[in-house]
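Here come two complexes built around chain A, the first alongside chain B, the second alongside chain C.
For the complex of A and B:
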């Protein structure tokens, strides 16, 4: 039984040990870029501050709109948790994949004895592990120090736990969205336009740019059901304790469903794309 | 070990129309053109052989290698390497092969060479003992020990290629694909790499397919050559046989103590009607003849009997000349 499972894993190219090797490697490589890392932490601090002051200005101009839902403390907490989460799951595999297609470097990835999506997944996981410890946590510490009374702690240990579960699912969803975007490059070779479109969609539909409460009432339930909600809205609301009980479990189940669907879509898209690969530049 | 039958790869490229009006029309309807990069190629390479795969730029060499390595999907035809289909049975196939693309790197740009190797050890699950032993052996032949701690981006081209070869061979593959492994290298590095390839071919019985534009590589390493032109196979056989069939002329150059007299030249021409004798400078005499028409020894013996020969040199048709002839269409029927 065990041997058959091993054979299946080997045939699919999904060996956990190979995945671990790539994850470790990706972690190591990130460690070798110190400057980029410090700049990254500073940038996230700016993202949160800019969004917070923008949103406060908007709300102060029109206080009755959503005031009860979004106090300054709510806003700071919302953006801090949202962007710290983004700092954790973010990767650029779509742009990298497009570069590899354009330069022909993809050839070198395709001679590795593991499935390409599995290699990318493992690398993204290694990168995210790095990002949790060396970006999200420091960023959160800086934000907590600067916005001390406003940035609230999680609503409770259970809430934090659910928020972290949601974050793990968010990593998978973001990975899948990026891989699918990157695979467009196999057909079109250049995807700069698609990258921008995806970036803006993720910013807008995840809630990291604008809380869903700002959107028209009819749009809110749909936004909460989209896979992008997992990338900001859901983990933040879980952290804040605004999503509890049955609603919390429903949100997580929905995220899990999207995760499974998108990962399956990745496997399918890859098996199709593989036949159409060309290697530019000899 | 490697069986290729009627292998074909067709790329669709789209022709751009000229000018602004043409570019606007391209937006709406595109004209596609089919390009047969590899067109019905078949060959068989037995275990342990080093085969040279040569052709002009754009002849389809790299496309063939990319199909053999499972990167590209063949349009039609079949490939079986060690009984496996490189594209369909990719996962089982890849551990059996090593690949070097001379213009690319499979090492991790920002990591020390040693890190890349130990990552490959994990990926291929190479037992620690084998890993150590092989690395030590490659160090003996290629001298890679000196730069194991250097990041790949800081290596010279020659150092990098030595590391690439090591990386491709660490898991002891049965087949090694080398796509222009000596491109851009200096003579010393080229010699080192050729020696290394000979050594591992002998020690590990690895089957090698080598593409190159440096025909010295072919002369040094390959007894078997496959030549393709515009996607089609034009020659497959022994290097010696190719040289013999296309021949070219053999040239013997004699430096004589005294300038030959006209009647002596006349006598020589009568003895060897197949050869041309030229007396461009007073003390040198060159004899040119097709290699299959005469034996070198005969001519030399006759010359030594009739003249006082001070020095003698001879030039065989270079493989470059032979290949140039093939490209020009000098070889009508492909042998096998």
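For the complex of A and C:
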């Protein structure tokens, strides 16, 4: 019985042990670029600061402009948690996939003993684990020190738990969106400009640049329903205890639905794309 | 004079080379424009919920944003130089090639890395300045147009100075990551009225890293509609000085760096 399960896993190329090896590799590779992460911490600190001061100026003119965020402390907490979360789930799979298509290196990936999306998933998981410890936590510590009384702890253990669940789902959504955009490179070969536009759009639609509440009223329900809400808006409001009860569970269920849909889309898109891959010399 | 003639020749050659790949060029224009457009969306979304941003009206903020876009687009003409320099010129030793030619190496470096992709941003910046000025009832005169052009060029020179100094550090530090990316991100503060930020940010951006002169200080000269502008008139007049001064510092650091350069021999 057990053997049959192994056979199925092997056929699908989803071996957990192989996946773990790729995750470990990606973790170790990142460890050798430590300076890059110190620079990253400085960058994220600046992102939070710019957006916080912009919103604070809005709040001074109109105290109810970004309800339910009502005070400078709410704003600091919102942007800090949002950008620290982004630092954790961020990866550059899309760009790397486009590079691999352009250079023909993709051929090497295809002969590895596991399915390509599964390799990428494992690598992204390893990278995110690294980023939690070497980026998100340091970023959070720096922000907490600089904006001392303003950066608030989570609203409660339960709120933190839901926020973490939401973040795990956010990792999957971000991974799927990046893999899908990267796969477009298989068809078009050159997508640098497109990747950049996607990068900016995801930032804008996830709520890390501007809270959803400041967008026009007609846009808000759509923003909250989009898969990108999971990348900022939802986990942050859960952390702050501003999304509770039925609404919290609805938001999480929606996020889970998007995750399942996008991952399924990845599997389907990969099975189609692999037949169109042109290995360019190399 | 000889150097200027060579520079012009370089310029036309690079322009031709870039235009040869038309699709790439259009794509890069699109990417450069996308970042500016996102910033513009942020500004217009914000002003749906508020009349003022720390004492500054929408048209005034857009004027500052437009001037920042214009200055940065001018800088964009030579900016790729700085992103490529550590890897391409120091690590791969291409610097050797520049040093054996009888032309100023800095001039060669900038001229062979010209990028024209910020051209649409330059036009968008001018349009934003034009629209906001007309909605503020600002009367243009030849003198004002001259001052605006001088300010934009000065701000671009200031950026060249800052990033040239930072890039030159790669002559000494083998680690290529350097501190350029966080400094580049500091530019985001320079696109908005400086008064909305913390005192320490204002101090930093008026002294060590003078990004306050990217747009905000020079813009206050034109934004006479706002009573706070008068506070900064001295800073506004200092813009060309800061531009030339910062450029001079950048060049000085560069020439020290060139003397310290040891080829990697590759």
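Just so it is clear, the second predicted complex is superposed on the first by the 268 of 282 C-alpha atoms of A that agree within 3 Å, B and C clash if a C-alpha of one lies under 4 Å from a C-alpha of the other, contacts with A are read in each partner's own complex, and residues count from 1 in each chain.
The definition used in the following text is that a contact is a pair of C-beta atoms (placed from the backbone, for glycine too) under 8 Å apart; a residue touches a chain by one contact, two chains touch by 3 or more.
From a predicted model like this one, the values you see are computed outputs, not experimental measurements.
J.: For A:193, select first, second, both or neither according to whether it touches chain B, chain C, the two together, or no partner.
T.: Only chain C; A:193 stays clear of chain B.
J.: Touching A:60, do we find chain B (first), chain C (second), both, or neither?
T.: Second partner only, chain C.
J.: After the superposition on A, what does A:42 contact: first (chain B), second (chain C), both or neither?
T.: second
J.: Identify the partner contact of A:180: answer first if only chain B is touched, second if only chain C is, both if each is, neither if none is.
T.: In the superposition, A:180 touches no partner, neither chain B nor chain C.
J.: Let me check the overlay on chain A: which residues of chain A are in contact with chain B and also with chain C?
T.: On chain A, the residues that contact chain B in one structure and chain C in the other are 33.
J.: Help me check something: in the complex, which residues belonging to chain A touch chain C?
T.: Its residues touching chain C are 33, 35-36, 39, 42-43, 46-47, 49-50, 53-54, 56-58, 60-62, 65-66, 190, 192-193, 196-197, 200-201, 203-204, 209-210, 214-216.
J.: Would you mind writing out the residues of chain A in touch with chain B in their complex?
T.: 10-13, 17-18, 20-22, 24-25, 28-29, 32-33, 104-105, 107-108, 110-115, 274-279, 281-282
J.: Taking the touch rule as given, give the residues of chain B at its contact with chain A in the complex, in rising order.
T.: Its residues touching chain A are 11, 62, 66, 69-73, 90-92, 94-95, 97, 99, 101, 103-106, 108, 110-111, 115, 119, 122-125.
J.: Which residues, counting only chain C, touch chain A once they are in their complex?
T.: 23-24, 27-28, 30-31, 34-35, 38, 41-42, 45-46, 48-54, 175, 177, 179, 181-182, 185-186, 188-189, 192, 196-198, 201
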